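Each chain gets a letter, A, B, C, D and E, in the order it is written, and its residues are counted from 1.
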Amino acid sequence: MNHEALSVLASLFPFLDWHGFFFLLFAGVACVAAVMVVLSDNVVRMALHLVLSLGATAGLFFLAGAEFVGAMQLMIYVGGTLVLLVFGVMLTAQTQLVALRTPAGDRVIAGILAAALLAVLVQAAFSIDSWQKAGQGVATAPTATPLGMALVGVRVDQVADENLVRPKSGYLLPFEIVSVHLLVVLVGAAYLARAKRRRVPRPVDLVASADSVKPGSPVAASSTLVAGGSE
Amino acid sequence: MAEFLIETIGLPVWLSWTAIAGLSAFLILNVIAGGALVFIWAERKIAARIQDRLGPTRTGGRFGWLQSLADGIKLLAKEDLMPDGADALLFRIAPYVSFCASFCAFIALPFAFDVVGQRLNVGVFFVVAVLGLEVFGVILAGYASASKWSLFGAMREAAQVVSYEVPLGMCVVVPVMLAGSMDLVTIGEKQAGWASNWFIFHDPFTFIIFWVYYTCALASVNRAPFDLAEAESELVAGFHTEYSGLRWSFFFMAEYGSMFLVSALAAILFLGGWNGPVPVSKLLGLSDGMAVNAPYALRLLGCVNLFLKAAVGVFVMMWIRWTLPRLRIDQVMTTCLKYCTPIAAAMFVGVMLWQLFLPGGLVPGSFQNAAGVREGWLEQSGSEESVNKDSLSGITPSRRIAEVSR
Amino acid sequence: MTFALFGVVSVSHYLVVGAILFTCGVVCMALKRNAVGVLMGIELVLNGANVNFVAFGSEYLAGDGRSVLGLDGEVMALFVILLAAAEAAVALAITLNFYNNHATVDVDRADDLHG
Amino acid sequence: MAVAQLLPILLGIAWLIPLASFVAILFFGTRMGAHGKGAATVATSSIGASLFLSLVALVAWTTAGPPMPSPHHDEGHASVHRNNTDAGQSTRPVQAVVFRSPGHSAAGGSHASGHGEHVASASYSGDWYTLYASGALRLSIGWYIDSITVLMFVVVTFIATCIHVYAAGYMHDELHDVTDSEVQLATGEPLHREGRFPRFFQALSLFCFSMLGIVIAGNLAMVFIFWELVGICSWFLIGFYFERHSASTAANKAFIVNRVGDFGMLIGLMALWGGLGTLHFGDSVSSATGQVEPGLFELVRPAENHHEQQVPDGLVAFAAADQIEKMAAANPSRSELRREVAAAVPGWREQGYGRWLLFVAGLGIFCGCVGKSAQVPLFVWLPDAMEGPTPVSALVHSATMVAAGVYLVGRFFPVLTPDVLLVIAYTGGLTLFIAATIAVTATDIKRVLAYSTVSQLGYMMLALGVGGWVAGLFHLITHAFFKSLLFLCSGSVIHACHTNDMRKMGGLLKVMPYTGWTMLIGCLAIIGAGVPFVLGFSGYYSKDAILAQALLFSRTNPQHSILYVAVAGGAFITAFYMFRLWFMTFAGAPRDQHVFEHAHESPRVMTAPLVALAVFAVVAGWALPGGLGVESLLEQSRPAGTAETITTAGILGSITLPAEHESHVGAIHVTATLTAFLTALAGVLLAAAMYLKPLVSPAAVAHAARPIYTFLVHRWYVDELYNVLFVLPALGVARFISAIDTQVIDRFINSLAWIARQIASVDAWFDRVVVDGIVNVAGSVTWKAGLELKRVQTGNLRQYVMFIVVGTVAIFVLATLLFRTSFAG
Amino acid sequence: MSQILDEDQRIIEFDVRTDEMLVNMGPQHPSTHGVLRLVLRTDGEIVSEMEPHIGYLHRCAEKIGENLTARQWIPYTDRMDYLAAMNMNLGWALTVEKLLRYQVSEKARHLRVLITELNRIASHLVGMGAYGLDLGTFSPFLYAFREREKLLDLFEEVCGARLTYSYITVGGMTADLPPGWLQRCEAFLDQFEPVIREYHTLLTTNAIFVKRTANIGVLSPEMAIDYGCTGPVLRGSGVDIDLRRDGESIYTAMYDGYAFEVAVMKNGHYPRDHEYPAVPRDAVLGDCWHRFFVRMLEVVQSMDLVRQSIDRYSQCKGPLGEPLKLAEKLPAGDAYLETECPKGQMGFYVVSDGTPIPWRVRARSSAFSNLAVSPELCRGCLIADVPAVIGSLDVVMGEIDR
């Protein structure tokens, strides 16, 4: 796709250029999906809308030139996190998937608060002039490599003539920290949701040990459970 | 193509671009759909051959090649049932999500040099990411069809695909490391020349990585010994038990599509993609070896090469499917966690060390552009700069690296 | 404050989208009684933040040719995504545990820590 | 070994044996034989051993020194002048034995008239063990042995032995559980208690030990110690049946009265010690310096002054302290001062310094004797002491302890000034008369004997008071024999009739012949029956001596002739009440048939001692053919310087003390003997008239002399008098003081406490209300605030999110309001 | 999903407290052989309780038997174990002959051995094929049926039917062998010999197959005996019982003179095990693998028997003998006989009151007791293992439901 072609288009139809069009598309999808997430009661529906929303934001990232982040978003967010969430939904939502409706009062309050928060944020968004100047549409180099280099610690993206006191710092340390952090989180999550071993004696054992087992002991309780269950 | 339309027909820029985009999308779609149909037929034939029987003979011409058409018509004709307890919206969307996910990956898949939907800098990464999405469709299907068995199937499928993404990711990283870039086209280029240039023969570790990649690919596509999702014997048909008719066909298309995708990816990453075993074009002097702007005919040859390799991959999948019994879910998980991931990791380290110590391969110079491989990564950014030569910022940061590192 | 609705997209547009996502996320957290719903709200919030980061970090959108954050924006977005994944994992583990112990994921039921 | 060494050893051992028995019985008493029966044998054998040793000592003494012929038999005075000058080395390493020959200077003339030199025989003194010695001051355990000591040893041990034998029989009730009918338990029935047989003999042994201690004591301190010990023993023995209220009060009364006496004695003691610095009777050689330290006798009657009594230098200096002060002021050097004082002493002596001091010392010592020997003011305890078992009365309250007072006066005779002797005499007379009259009306057999003892002691004191040194001591010894006999007889009668009341007795002679006859002998001995000038009972000899001396004294001091009248009257009354007693119990018709049937002769173990004592009651007065008798022995140790008639102008006017030997002179002797015989005979006849053949019924007489009778029956109202004089005031004072204590002091302290409490309560109120108030208010405020704020923490996740949103919005709004420009600007 | 079954079968892990889900592998489940409904109480993937429901294929055969004469009831016996109809007919025929004390001719006896052993081969082939299907491979099923087709052709020649033969009747056979049949039969056997070796490579030694079957559904000899399991299931657990050798005299009379070894693992070795693949390392005696392997050995054993019976049959001179009259009067009394069918010991019991129509007919199904042990084996295993266990028991619903 040729970027300068896009800028040419922009001039023809001021109201529509590639970037604007796609931006509107993705933004629209993202926002609508986000609202749908809030509105829908069924958790699985929420998951689907969330997928759409996150996918759209991935698109936005692509549009903004952050390809690597967009791909990462797609892979980790949509591929990993949401699958995890859906797993969560499946495992936990045995019965009342739909049942949990929040009381009307909360909804109204939340709405008001949301409006207030939105107003504040949007006002802030437009408060700075430099932000509003339309993007130059400058074709930028793909950021994957510099990003990789930055993570490893060499900042290739800074421009020489910047009057910086110190060169921009590389991200090696945070990168390592995040890796260790992820490891710890995984171990933690695995531990938290670990399979809790419960020894269920085989029927044969039960029979043999039935008489020797004290009536009150847990084994007896569990065995009766099982035995009861198995009748 | 776009310039051609703009200058010649004078269509408005955006219209032409959309047209081009639509055309290329259509092209890709058909290629895949066609491929899927062929594969369905091929599957029947190969299964028969394996089972010492003929397979479809009467449908269509001599070899029953119209069988898949017949299937298609049957599926179209079939009534699209929906169980009453099902969640209507999700039930309908699920196949399309799954279908899009697997076909979306083809955007970044180069059939020949630069014959690619969108040449993404993060090509491989994008493909793997999109593969991850397919599981969504399966889960939604499993949940939406409101039957215990489909839920079982969906859960197993999700667990399997998600856990196999890990070793898959690791295997994919090796060729990226060798090629120095995630851009599939670059990877393909790197393997131009004699077959010995293919990454698979680059070093013993990558060779093993290829097989691990292939197993993981099998698993992530739900084929053969890992096809627990629709294990007939246990869960009737897994997550698409309740589907019938067109919706079921979409699942089917998605499955064959991703099967083809995975094999094509294997071909590109390891088997040299569109470069044939013999560098015919180079020998004939048609191109300067880098095939940067080789003529279309050459690219067509490239596409054929890729198709053949992918076909071989698919054939092997089918072959495995009709011979090996199905693995149990825990055995599937064990192979993933205890075998694929460790081996992939070990080989990854192996390759890294190999590249560090033996850049030129066992026999120095055996890879004629091996040297290039190291700097390629630097140079590549330079070449990339050539692509967008009109970038305003004079000194691209990448050149800066070159000066710095020398 | 010239805001071309369809004009060339600027950082502010992205900020607005980010704000909307953020607000939807917060509202979702505020409203959803299902723990997983709350988690999804969190994802939305983080996503909103990401949009802002990317917007500020993108050269393409920068008004005067140079983005506010430069590459830092994208790196931050990257880290946010990573950590969001980690957070989701742990949050889910907690939700499962909660479910194990209380047979429900209704957030309102988890109000043991009240005053 | 010379006598000087032998005697202390013999007597020392004789003295310590009873202590050994006491300790043995104390620790192993109950384990000696069944119920402690063996204690009797142990005690008896120990006292027997002491008797034997005393007899050996007596023999040794007599053999060593020629016996002093008794004045009656051979009319001559073989005053043996024994001069044993060698300072025998005492075998005891501790102390050098110094004996002081009474007649150092044989030539010392005395202005006494003829009859040769009366020189007391030798006396041995020395110390066994020095308790405390610093400079002149020395406290030690030592001995002062002369004929009295030996004699007293023999008498005491002999009587004690008889009584031990008697007591073995008498006290056999105590061998097994005793039901004491006289003690009324709260529940009404009599007391049942275990027997205390060994305890009795334990006390008896202790008593003998302490009595012998007094006798052998070498210095006043030792005397005082054993004086107290004897008092304690009497307290034990009187209070033997301590459950009986009467017995315990009697024991206490005895002890307290003795203590009153001892108080006086202590004063005297201190006077002597303060002045003279030593309490030793005899001289002693200080082991350290080797000098001879004069004893009391030497100091009071220095040999240089021919044993003339004079106020010793110490006392003079002591009295003239103020003079010395002036002298000390004059010249500071000590030696100079000492020499000056020494020079001035004779002058001061002339001026009469220290005379009063010596008088006071002597009188103090006499006070102790009054307490102990139950003289007039302090005699009330003796009748009550009858509560103790009869052997006790016999031994302690007749023969020994009460005699200790008389013995001490005898021992201390040289130190006593004529004035003191006069006081003694009068006290003796008064006691004699009062006791005798009370005895007349007493109906309790033991009470009668008790009062007779008091009157006889009065006799002895009078004798000593009038200068009859030998007479008094001779009567002491003879009285010991027949009074213990009488008591034992009364004990056997009581034992038989189980009652003390003579009005229930009568005609017991036929039933109890031994007791009857031995009692008769006792009575005859006490009234001094005997064929005049030929032979008589022991009492006859001693009582005549006293009468003679009294007669001599009244003749020489006519203003004091009342003493003789008292003696004579006493003799008459004594005879009357003794035979009244005898007739009421043994003669006549039995008054209480019940008692008569039960009466039975006492077992042999009790009658044997009676017989033994009876024999001695008769024989005691006699002298052995060689002139050796009690009188001759006593004569041997007459204190130096008292043999002659002395006329001194004392504080109480001039008194002449006639020499004792003059009383043996014809006229006085004859008249005395005749008066004694007649008065005795009259008394007996009157008793017989009233009780044997009731010519005159005692009741009629009593009715006739109603006022006198009631006066006498009430024992001269002495008890009531004391009660009124001492007890009531004491109680009153005590009550008054306790009243003060409770009303004034307690009330004051309570008020203080109350005030403190009031203040405390106010403070508590303040603390509670004000201080706590503030704290509580603060606490409750925070608590309520906490409660209110707590509601904010609803635990509901969703509300928390809303709060966050509100917070952020608020911050934004504030930020924009406060910082006009936008945040990022 | 964490490791499900480690060394101690009894440790069952549960990940998230998924409450027990009642799942039933319904009658119309493709993998079950015929209409068997398995109600599984699963806890996640783990089957905590399994309860087979039968009776869907019940046709009241025994009640009908009370209104038909002995010979009229033969077709019903065909439809019990429709995979081994010959053995069923033989079982019923022998039972009635025992009641009648009727002795068939020598020739018929040999022919009966021949036919029943061939039918055993066919039955085991179906068992093997279906088991492959249960474990997910489709090809072995087709190979198995290819061979079976040939056999069915042979049977068709003999009695005209491919499945429900009704060939053996009371008193002998309905017809004699067509000419040249024996030669075709031997030809079949000759070409079938190498194919068996092929089957072993296809399944028995297949790594995944071994993984899916070894140490799964272990049936201890005691439990086997307790539950009355018979046939390959019993022999799979190492119990050396084969009615052809240890059965009743009437039945063993048929096989006297035939030399054959019972296919059972005796102290660690199968008879003639040198010719077959070794037992895999983690296969435990009494697990699915052994039961499958015993069937494979019995196929070879039956081929050997068929060859011997062919020789004997061809040497016999005498006539085949006519079967008894259709309405043969049955003597009053009862008779019970068990025969060694491919699935196990099939017992027939007939009570007659003297009339040709038996008063009471009863068929004791071997598959019924074999199936009875399945809940024990399946407790604690995975859902994927349930078909493996049921497949290894090789049950036929027709015989169970009758």
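Just so we're on the same page, a residue touches a chain if its C-beta (ideal position, glycine included) is under 8 Å from a C-beta of that chain, and two chains touch if they have at least 3 such contacts.
In this text the structure is predicted, and so the values were computed from the model without any measurement.
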item	value
Touching both subunit C and subunit D (chains)	A
Centroid comparison with subunit A (C-alpha atoms), farthest chain	D
Per Cα centroids, the chain farthest from subunit E	D
A-C compared against A-B, more contacting pairs	A-C
Centroid distance [mean C-alpha coordinates] between subunit B and subunit A, Å	25
Between subunit C and subunit E, centroid-to-centroid distance (C-alpha), Å	64
Intercentroid distance (Cα basis), subunit D paired with subunit B, Å	140
Euclidean distance of C-alpha centroids - subunit B vs subunit C, Å	32
Touching two or more other chains - residues of subunit D	798, 802, 805
Per-residue multi-chain contacts in subunit E, two or more chains	16
Residues of subunit B engaged with two or more neighbouring chains	392
Subunit B residues within the subunit A interface of the complex	2, 6, 12-14, 17, 87, 89-90, 93, 118, 120-122, 125-126, 128-130, 132-133, 135-136, 139-140, 143-144, 151, 155, 158, 162, 165, 181-182, 377, 381, 384-385, 388, 390-393, 395-398, 400-401
Complex interface listing, subunit D residues touching subunit A	798, 802, 805-806, 808-809, 812-813, 822-825
Partner subunit B, residues of subunit E touching it in the complex	1, 3-5, 21, 23, 25, 29-31, 45, 132-139, 142-143, 146, 203, 206, 208-209, 211-212, 382-387
Footprint of subunit B on subunit A - complex, ascending	1-5, 8-9, 12-13, 16-18, 21, 42, 44-45, 48, 51, 67-68, 71-72, 74-75, 78-80, 82-83, 86-87, 90, 138-142, 144-146, 149, 154, 156-160
Complex contact set, residues of subunit B against subunit E	47, 50-53, 148-149, 152, 159, 225, 227-228, 231-236, 322-331, 333-334
